Amino acid sequence: MPDVVKTGVDGLDSILNGGIVRNATVLVSGNPGTGKSIFGIQYLYDGVTEYDERGVYVSFEENEDDIRQAAESVGFDRWSELVENGDIKVYDKRQMLREEDFMSAVDALLEDFSSDEYDRLVLDSLTMFQLFFDDEREKRTYLLKFSDVLKEYGLTSLLINEQGSMFPDTEIGLENFLTDGNIYFIQTPTDSGVNRYIWVAKMRKQNINTDIFPLEIGEGGVTVHEQAGGFSMMGKEESMF
Amino acid sequence: MPDVVKTGVDGLDSILNGGIVRNATVLVSGNPGTGKSIFGIQYLYDGVTEYDERGVYVSFEENEDDIRQAAESVGFDRWSELVENGDIKVYDKRQMLREEDFMSAVDALLEDFSSDEYDRLVLDSLTMFQLFFDDEREKRTYLLKFSDVLKEYGLTSLLINEQGSMFPDTEIGLENFLTDGNIYFIQTPTDSGVNRYIWVAKMRKQNINTDIFPLEIGEGGVTVHEQAGGFSMMGKEESMF
Amino acid sequence: MPDVVKTGVDGLDSILNGGIVRNATVLVSGNPGTGKSIFGIQYLYDGVTEYDERGVYVSFEENEDDIRQAAESVGFDRWSELVENGDIKVYDKRQMLREEDFMSAVDALLEDFSSDEYDRLVLDSLTMFQLFFDDEREKRTYLLKFSDVLKEYGLTSLLINEQGSMFPDTEIGLENFLTDGNIYFIQTPTDSGVNRYIWVAKMRKQNINTDIFPLEIGEGGVTVHEQAGGFSMMGKEESMF
Amino acid sequence: MPDVVKTGVDGLDSILNGGIVRNATVLVSGNPGTGKSIFGIQYLYDGVTEYDERGVYVSFEENEDDIRQAAESVGFDRWSELVENGDIKVYDKRQMLREEDFMSAVDALLEDFSSDEYDRLVLDSLTMFQLFFDDEREKRTYLLKFSDVLKEYGLTSLLINEQGSMFPDTEIGLENFLTDGNIYFIQTPTDSGVNRYIWVAKMRKQNINTDIFPLEIGEGGVTVHEQAGGFSMMGKEESMF
Amino acid sequence: MPDVVKTGVDGLDSILNGGIVRNATVLVSGNPGTGKSIFGIQYLYDGVTEYDERGVYVSFEENEDDIRQAAESVGFDRWSELVENGDIKVYDKRQMLREEDFMSAVDALLEDFSSDEYDRLVLDSLTMFQLFFDDEREKRTYLLKFSDVLKEYGLTSLLINEQGSMFPDTEIGLENFLTDGNIYFIQTPTDSGVNRYIWVAKMRKQNINTDIFPLEIGEGGVTVHEQAGGFSMMGKEESMF
Amino acid sequence: MPDVVKTGVDGLDSILNGGIVRNATVLVSGNPGTGKSIFGIQYLYDGVTEYDERGVYVSFEENEDDIRQAAESVGFDRWSELVENGDIKVYDKRQMLREEDFMSAVDALLEDFSSDEYDRLVLDSLTMFQLFFDDEREKRTYLLKFSDVLKEYGLTSLLINEQGSMFPDTEIGLENFLTDGNIYFIQTPTDSGVNRYIWVAKMRKQNINTDIFPLEIGEGGVTVHEQAGGFSMMGKEESMF
């Protein structure tokens, strides 16, 4: 059995047959509000507090302050402390945008990783990251190199993917087959609102459970209920919007 | 619990678990005629009259006169008075279009905000705002900066999003994941007309109620019925148009 | 209650809670053959004959002769007379296309309006009008200014929108949120043909009835049956073709 | 009641409340093989043999020989004779393509019409005709002028429209609202093959029957059964393929 | 009754009311693997062996060797012999690609046809053929001329059309209305696999049977069962994928 | 019966009526995570260990290390050994990307094949491979030549195709009709997760079984259950997302 990294979400680790394969790059996809960022925060927070692995949070969507508040809102009260003592390193929106030249900002970032100090990385979001490239080819090439570098530096990474439609049936891009794993955060419409689910669609080298499991967000972050079922399948056509 | 800003719509504040997180930027999406502008007007009006918070209304769709008439049509009779005494500041379509150079119009606008006099902002609509950019990249960069500035100036903002199809299942753009919250105004077709609903799909740092609630427009503006249900789900395929 | 302009279609005025808000710009959308032009003709004809308000008919689709014949075919027998005595001013396709430079044709037209002689305007169709712009940005800017000028000159206007698909579920463009009201002319497929309906989807400043009402075309022009129901909803997928 | 032109298909004339309004331009839409060309041939053939009106057949799809064979295959045995004596004038594919410059070919054609010798015109197909324009704007302008010239020369015209998808629910273009009438030739899929129908969706100035009627092709050309019904409605989604 | 060319598939000839009208150009459409090439091979093979008509096979998809093996795999054992003695002339992928200039390769090909030696032609596939044109207009013009030349040289031709989606309900292009006939090879998904069918959607000048018939591939090539029915209609939406 | 190459998956060989026709180029399509790479690995591994045929694995998606780990994770324990002794030659992502000029990297690769040492090839993935071309025409031409070269060198090849949507009903490109066979790896959504299936949609020169068969991934790689059925058909519209 391969060496795994615990996500910090017990139910998910069990679905993953132990955790994420160490050194893998995992795409975490979902619509806005499905809990991807909370999950990323939790992955780093539990990494430090429970498994003694340090992490990096790169955000193109929020500021350091917002991230901290989000962490605290689900009870990760030591977040500031961990950021201050360097166990969690945060590169936030403002920082990334400060540099005139986006590329050099990223290059600087990558250099920081080379130190081997960190085990875990969250990129929030790959979608925003990609928006900085105008040229389709340049984007692809960079993505290829970037994912390669993450591996080389020994990071086990979550790349957050903001999905472009209400339902995850749309185009599957390069990022899906360049990554070792694909985890979907799903909101299915019901008569009265939405239910939340998680689905591991792919994890190279792992005998994963491809069932769809209920997920909740609240105190303690994301919780996955290991008992499948209750998933109310609802096609695009018959759904609310 | 985070500090919140009351929207002025009681039922909605309760769905939001108190109100909008202070300093958040919230996307308000919906088709034409769903009540987004009325809601924006109400947000500012109640802001002043009930919570003593001053506001700014930036409209690219209507003139000052139209906005006033719309406010008065739902009984916000002191609107003119509040505008005159400066509690509500209105930048209307004509004003925004007067300047030859759109950017400098916006820059002037932003400068006005820096005074710290205002707590609330409504941008009606982000959709129109974005139409002034030809270049996709320029648009994105500006949006990033703009949303950042709003936060920096301490504003809690509603960005109105004119949805591009009858049903909100279409493309989810940058504006959805750049904002802290997503509120949808929905009209579902029925055999005899449309029913109105509101849905809070995302609110960072908040334990929101993701159910879908009935909404009404009339005297007093927008009313949200806190009792979910009655929502008649109707897919695109089976619906009227 | 706001000052309103009677459309000349009793049932519709009642749905509109009196009529169209004076000075509003209303988008009238529908597929070819749904009765939009007949309605526009009637709006001007009744304007003169019943409310003593003069009107302008701008057509990019038909010639003066065709318009007159259409008017007479539903019994508006005094149409020629009204055109001749100047109560109704017609700018027809040939006239609009005669000028080498389309813009100057429109500018000339707008100048004519400035005289304040007219109260009502029909543009048949906005769709054709827009086809004359190659540049997306130029089109948008012009549309903004154009709709503004109509208001300034005190016109209450119908902009006719030729819908681009069999079913009105397609893209909602700028013209929908730039206008104060949206009225849809609908043909729903049945087993044996089509039924006709009218739906007022939006009317700023007005407590409209958002139900869908049966409509007929015949002697006397368009008739709306105020009793909703009978509307056979039929989604695109389950529809005739 | 307006002056009408008999189509030569009795059932259709009755649906049309007498025939096509004289001088109208009618779009005849349908998928390949639905009988549009046969109908066009019949319109001209019966025009000469029964109503003493001469006609022009412009084809960008077939050669004179093919057209004659098609005519004869449904029993219009005097076709050659009528072509030879000039009652029917045929411009075929080869002729139209011979000229280096497509525009001058069309201009020559239009000049021929100016003689006032002809009453009826069939353009087979408008779709092919439009393919010769590269520039969207040029195409539109030309179409506008072309349809105008047809009217000016007193022709009552059928413009054949090759529909671009299996089901006629797709985009409705300029050609639909520039023409006075829209007739659809429909093939609906059944378990064992297709059924044929005709539907008149629009006819300006006419109280048409908007029901859908069964159609047959055979000896004598196109036959329309005046008794509606039997139309098996079948949505795109539930259709044959 | 027009002079016809026997396809070599008895069931199909009967559907076609005798065979393909001599000198017609027929589009043979279908997804990969539906049997189009086998049918083309059979058309030429039976042409020589049963009707003494010589044929040309132009392939942009396969090599001479592959074509021979395919022919032999369904029992057309004399294929090599017929190719060697010149009754069947094969232009294969390698040959067509050898020339630097694609156009001159095609021109050379056309010149070969002018000899009047051949009666039948198969182009496998028109889809590949069209890919060699970059310019949309050039492609169209060439297609027009090409189809014309085939007629001029007295060939009765099958143009194979690789369909661009799983289900044949997509866009209908120029090639559909430029050709005299349209034959579809269909695979409908079932619970356990696919069933094969053939459908003649259009054949100018012919009273065809527009039902859908079961088809099989095996020893002897393509077989069509003349008894319609059994066709399990299955819409795109409800289908396998 | 044609000479065949055993895939190493018994159930599949039986569906294929023996195996893949020697020298054929087969497209292996499926969404991320459906098992395409595992199948490719197995094809080469069993090729060496059971049929004494050497193979090449070209990956643009993974590194040599990842490929080895994937192989070992399903029990192909001698993978490293086979790679070391040269029975399996691996060109991995890093290697392919090292060269400045992608073309020369591929050309070098092709030269290596010319030695006739190898019988089997896996290209993982054709999709990534194609991304390196900017010019549509260049891509096509290269693909044509590439597939030709593989045949010329006597390779029996699997070209892996990362499908661009959740469901395989999307566009069918050039790669589908240029290849001799099409095998689909399918995941159908169920209430609780996904089921896996394999479908052979096309195999030139072979009497294949076009049913859909259940597939499993685990120890020993891919297993196909020869007993069809159990396939739960689920249209896009009614499916999970």
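We call the chains A, B, C, D, E and F, going by the order they appear; numbering starts again at 1 in every chain.
Just so it is clear, a residue touches a chain if its C-beta (ideal position, glycine included) is under 8 Å from a C-beta of that chain, and two chains touch if they have at least 3 such contacts.
The chain list, named the UniProt way, goes like this: A, B, C, D, E, F = RAD55 family ATPase.
Just so it is clear, the model here is predicted, and its values are computed rather than measured.
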{"item": "Mutual neighbours - chains that touch chain A and chain C alike", "value": "B"}
{"item": "Labels of chains that are neighbours to chain B and to chain C", "value": "none"}
{"item": "Most distant chain from chain F, judged by the mean position of its C-alpha atoms", "value": "C"}
{"item": "Classification of the chain D:chain E interface as same or different, half of numbers criterion", "value": "different"}
{"item": "Approximate Å spacing (C-alpha centroids) for the pair chain C, chain F", "value": "59"}
{"item": "Where chain D and chain F are represented by their mean Cα positions, the distance between them in whole Å", "value": "51"}
{"item": "Mean-CA-position distance for chain B and chain A (Å)", "value": "29"}
{"item": "For chain B, residues that touch 2 or more chains besides their own", "value": "167, 235-238"}
{"item": "Pairwise touch network: line, ring, star, complete, or other", "value": "ring"}
{"item": "Ring topology as an ordered chain list, initiated at chain A and continued via chain B", "value": "A, B, C, D, E, F"}
{"item": "Residues of chain D that touch chain C when the two form their complex", "value": "2, 136-137, 140, 144-145, 148, 151, 167-174, 176-178, 180, 182, 186, 188, 199, 201-207, 209-212, 228-229, 231, 233, 235-238"}
{"item": "Residue numbers on chain E that touch chain F, as the complex places them", "value": "31-33, 37, 61-63, 66, 69-70, 73, 93-94, 97, 125, 127-128, 131, 134, 162-167, 187, 189, 191-194, 217-218, 235-241"}
